[in-house]
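Just below sit the structures, each encoded as structure tokens.
Shared between the two complexes below is subunit A, which has subunit B as its partner in the first and subunit C in the second.
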Partner chain A sequence: MIRALRTRRVETAPFLLLTPALITMLFVVAVPLVFSLWASLTPYQLTKPATLWRFIGPENYRRAVTDSAFWIVFGRTILFLTIALNVELLLGLGIALLINRITWGQRTLRTIMMFPMMFSPILVGFQFKFLFNDNIGIVNNALQSLGLTDQAIPWLVDARLAMFSITLAEVWMSTSVFAILLLAGLFAMPRDPLEAAKVDGCNAWQVFRHITLPFLMPFAYIAMAIRSLDVARAYDIVAVMTDGGPAGRTELLWTVIARVGYENAKMGQANAIAFISTLLSIAFTWHFYRKLVAARRYMGGAA
Partner chain B sequence: MTEVVESAASKRLKRVALTMLTFLLMVLMCLPGLWVVLSAFRPNREILAKPPIWIPETLTLDNFGKIFGWGTEQVAIPVGSYFANSLIIALTSTVIALLIGMAGGYAFARYSFRGKGSLFLGFMLFRAVPGIALSLPVFMIWSRLGLIDTKAGLIIVYVSLNVPFTLWLIDGFFRQIPVSLSEAAQVDGCTRWQAFWKIEFPLARSGIAAAGVFAFLTSWNEFALASQLTRSTDSKTLPVGLLDFTAQFTIDWAGMCAMAVIIIIPALVLTFIVQKHLIAGLTFGGVKG
Partner chain C sequence: MKAIQRLVLCTALTALAAPVLADETRGDFPGYTLRVKLIGGAQYEPLYAEIPKWEAATGAKVEILSRKNHFELDREIKQDIAAGTLDWCVGSNHTSFAPQYGDIYADLNGLIKPEVIAEFVPLVIQHGTVNGRLVQLPRHSDVSNLFYQKSLYEDPAKQAAFKEKYGYDLAPPETWDQVKDQAIFFAAPPDFYGFQYVGKDEAVTGRFYELLVANGGAMFDDKWNPTFNSPEGVAALQFFVDLYNAKAVPAGVPNYLWDDTGLGFASGTVAMDLDWGGWSAFFNDPANSKVAGNVGLIRAPKGTSGKRTGWSGSHSFSITETCDNKEAAASFVTFLTDYDNQMVEARKGLLPTRSQVWTDAIAEFEASGNTFNAEVMKTFQTSMAEDAFTPPLIPEWIEVSNVLWPKLQAAIVGDMTAQAALDAAAAEAATVMHDAGYN
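For the complex of A and B:
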């Protein structure tokens, strides 16, 4: 009887409590997204306001997917994310395993490790633009002082080197997130299975491969899920470092949106590309959220 | 016997070497950031010097004086008002996001209702929308509502940006507090409202503070939306203002480094204060479904 009363009373309370959150998301994200979808189906240009009300169907999408330049940028974005995220995961795992073995000064190390996390993407971009400047940057200065090269290396001017520099900046910024979460996983790990495996004669690699790694997976998925929410922050880095140049060769999906929408004032086309990038991000988050849930179920709530 | 002692000694040596190596590696990782901080205290001519000057000859606060307009020399960039805008916008949006997130997080942690999982996922997916993609429709709507280049316009956007993550973190912190505590208080005659403020809120306080710091930093560091929704000293924030330097004829590297230090200091202080709670919040909130 008491139980029945209690369940009836909780019916409205959670929804009342969630109302402010729902209203904010509705008006600042959901409504603009619907509006964005509409705009992507019009030839809207900022200079011609009337064009916002002319429906042309999926023309903007058709134009995007039949344009080879779009696919080059799309491919570059995927490649950039794949390389950056994998390097971040591996480096983060390495750092976490290393720090986990240190007994003296571990707290200090953990604090130092978080240093890059405090930098905003715009600062990371500026920082690497400063370091990689071909004339006054410390990288070229060091290489020239050591006599490794007598010419200034055009780090941000050559297309390939520029993409490398951008990826390095991205990795520098986000490796800490992986390291810190994986380290938290290592701390939470029970000791018994490790010792049992050693008694059973497993070597270090076997212990890592069959005990440590599976245990760490949910933590890796948390890190991936968190990262998936802000992969588009790479926009800030590129905007500062190269602004998509030279000749559009470091352009990513996100910088194209800004270029088409604000610089060329073609809002209709920009909204179509923005919608594609949004779907990409959502698919990414969805994927790692599912993996996280599955890993958690597999672990039986041990983590 | 000696063999045992020897192997213990070599083990210790190995451990010391590993510790030193790890410290060296971490310092090396921080070096790019430290170089920017160091350059903020050097005169621009020393940064531009060819051949390079490796060991700073003069350390000065002039760069900071210049960007804030204290000294005789000044840069034409109103860093002071950008700083004020950043502070007002980040603080206001953090407080609002915390209140909304606390209500929502409590609902997620303490009640079970239908569609809870999908609602939670829905919040996260909304957060996944890239800032620059969201900026297009928000820009179009805000210009019709007259919210472009206003602090309020940016505050509204940042609140919605922070609500999902704040919700996630606070949900995790409330979950760690046993329900029995609040139930005991209610048996003793507290209302649920009183039990929340007297029992659960004080216990979750440090976690909520961590969520607040995270929200503050997100707003403080945001660029993609701010760069499109702000125009003038009325609402421009520090990250957008940093790019003002590149618009000038010659890049004032020393000035930019000084501004970078100004942006990083609040982030540095706040992260150090709450780092422990932040890690706990991220992992528990995520793992303990």
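For the complex of A and C:
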């Protein structure tokens, strides 16, 4: 009897120890998630709290998925994420490799490199909005002064240029995230394989391609996974620079969600769109996680 | 001599007694803490420096819970409504935002003395009234008038060339058709533009709306069906499209907001600018503006119906229904909008809402030889009294605006015709109104 009680106590102990974490998870993650799922099935308006209790089924989802404009925005968001993340990875890798080779002033450069991350995204948005202003912006003034154009280039109006300008602002602010994580990877890299490769007669490109890069890829995928979720911060930049316009040319899921949820106060509809966009985040995270596992397997646990 | 001494003594005693009398009218709320949420920003802050005077007079304390721009404050208030945390008393408000908030704000007709309300410009009080309830006491108003570069109109060569091309004299425009002619005439892109306009968010909706009204159109019929895709609406939108196609406005206007148009005119690269009164001091300040000393101002031009554009709104203060001391809140709101405090704001270039402040601020500018500011105030006083109108005061205004402005942009940048863009927006607006239970 005593042994049975003792066994039960031992069995329940792990659950008891996990209880605080489970309760925290319940309130921080599960409850808001269930609440927003419920809200997405109602015509919930922030300014009319009673609407939260009127169930309308999947009507908000039906409206979103049957709207062709929604799918255009969905596709543009995927394109924006893909381009921004890849450009940030390439630039971050280049910066990390360059800083890794510096022997004097490296700490100062690392600090300077982090400056763009310290700015609020709203501030970055305003900064780039005025840089790209077609009439009084410095970019057009410089191009005209240098004789490269005699036109006022509509950076924030033309569909491609506007997305380019927003991507540039995003890349300027966040490339250092990649650079820092990849630099940490370079610092953690063992010297033996590099020296062995050199002894074997590998040139610099071969060393980079077959040793450095595979070692860094797990770090790159971790950075990609974090940034694919974090890039939603670009909402502030887009909201300030174009607010999704003109004529929806730079509209992303986050600008739609914020407008519907807060300006229109239709939180039920906004939650439905947010849940669909969550699929996007899950897809990106799953993709990068698979890549991370594959990269680690390739390295045989070295990274 | 004795008479003079007596007069001086009387004046001194009156001056000493004045604050005491004022204190009595403010009420007595010792130990009470009034919780408020106010709009923040450089031009709004000088008024808040006066708050300690109200605290000293009443014995109450003011706790400022928020000091954000209007859009962030709007978001926070909506969250408070949703969460049921309206545990504060006074909030900054705006005539365009107020209808959204339902019945969270008290009717000030029962809280503010009628003789105080009577001291405000009647039209502005009317704009602050939603469904027959005065839900806000106006702090200062906004309406746009047309700024222009005077030298362009005084140049004999330009006068002759314009007359030859258009057949009438070059003078500051009286109608929007004349604005179009002159904007195209003055434009020399990419160095100089005839006109500019804000091109996104509620800003472009407002500009379209006021031209629609000035052309004789309306946003809705009496059953709240959207009617802005009428011929008047198409003509209003075509004005923006034509200027864009003629390159008479900067190519970036579909992305412009108030700071872009203000800074653009101050840069000296734009001939005319329909803008708010608050910019006038900036435009005429040589430290900030290349057009300082060359700024002319006229009332906003007329549309095809003969009515002037006059989209207007007022910043204001409201008192929550849940406030635990509405008397103190009413005293505070009355204080913030009283004669002295409105004079403080008028000297900074904000447009007052009290009739007497208009008169006295103009007199003060004239007495100090500041003829530009005096003229600016006179022009805006006339337009606030005669031209100003608000958007429809319904909770769905912002939502309707959010379906309309992307379509206005689509027409401006050439993705759709004006008629097709407005028809599409009207269909979406009809859904918004239907969902809201109007029809």
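Just so we're on the same page, the second predicted complex is superposed on the first by the 239 of 303 C-alpha atoms of A that agree within 3 Å, B and C clash if a C-alpha of one lies under 4 Å from a C-alpha of the other, contacts with A are read in each partner's own complex, and residues count from 1 in each chain.
Rule of thumb we're sticking to: contacts are C-beta pairs under 8 Å (C-beta built on N, C-alpha and C of every residue); 3 or more make two chains touch, one makes a residue touch a chain.
Note that the structure is predicted; figures quoted are calculated from it, not measured.
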| item | value |
| --- | --- |
| Greater subunit A contact set [subunit C / subunit B] | B |
| First, second, both or neither for A:G245, with subunit B first and subunit C second | second |
| Partner chain in contact with A:D236 - subunit B first, subunit C second, else both or neither | first |
| Touching partner for A:R160 - first (subunit B), second (subunit C), both, neither | neither |
| Subunit B versus subunit C as contact partner of A:Y262, first or second or both or neither | both |
| Which of subunit B and subunit C A:S277 touches, first, second, both or neither | first |
| Which superposed partner A:R191 touches (first subunit B, second subunit C, both, neither) | neither |
| Which of subunit B and subunit C A:L181 touches, first, second, both or neither | first |
| Footprint overlap on subunit A, comparing subunit B with subunit C | 136, 262, 267 |
| Contacting residues of subunit B [partner subunit A, same complex] | 15, 18-19, 22-23, 25-27, 29-30, 32-33, 35-36, 39, 47-48, 50-52, 54, 99-101, 103-104, 106-108, 110-113, 119, 121, 123-134, 136-138, 140-141, 156-157, 159-160, 163-165, 167, 217, 220-224, 227-228, 239, 242-243, 246, 253, 256-257, 260, 263-264, 267-268, 271-272, 275, 279-280, 282-283, 286-289 |
| Residues of subunit C that touch subunit A when the two form their complex | 74-75, 78-79, 81-82, 84, 100-102, 189-190, 193, 196, 199-201, 250-252, 254-255, 260, 263-264, 267, 269-270, 395, 398-399, 402, 405-407, 409-410, 412-413, 415-416, 435 |
| Of subunit A, residues touching subunit C in the complex | 43, 46-49, 129, 133-136, 140, 144, 150-157, 162, 241-248, 251, 259, 262-267 |
| Residues of subunit A touching subunit B in the complex | 10-11, 13-15, 17-18, 20-21, 24-25, 27-33, 35-36, 39, 52, 95, 98-99, 101-105, 109-123, 126-128, 130-131, 136, 138, 141, 145, 172, 175, 180-181, 184-185, 188, 218-219, 222, 225-226, 228-229, 231-233, 235-236, 239-240, 254, 257-258, 261-262, 267, 270-271, 274-275, 277-278, 281-282, 284-286, 289, 292-293, 296, 301, 303 |
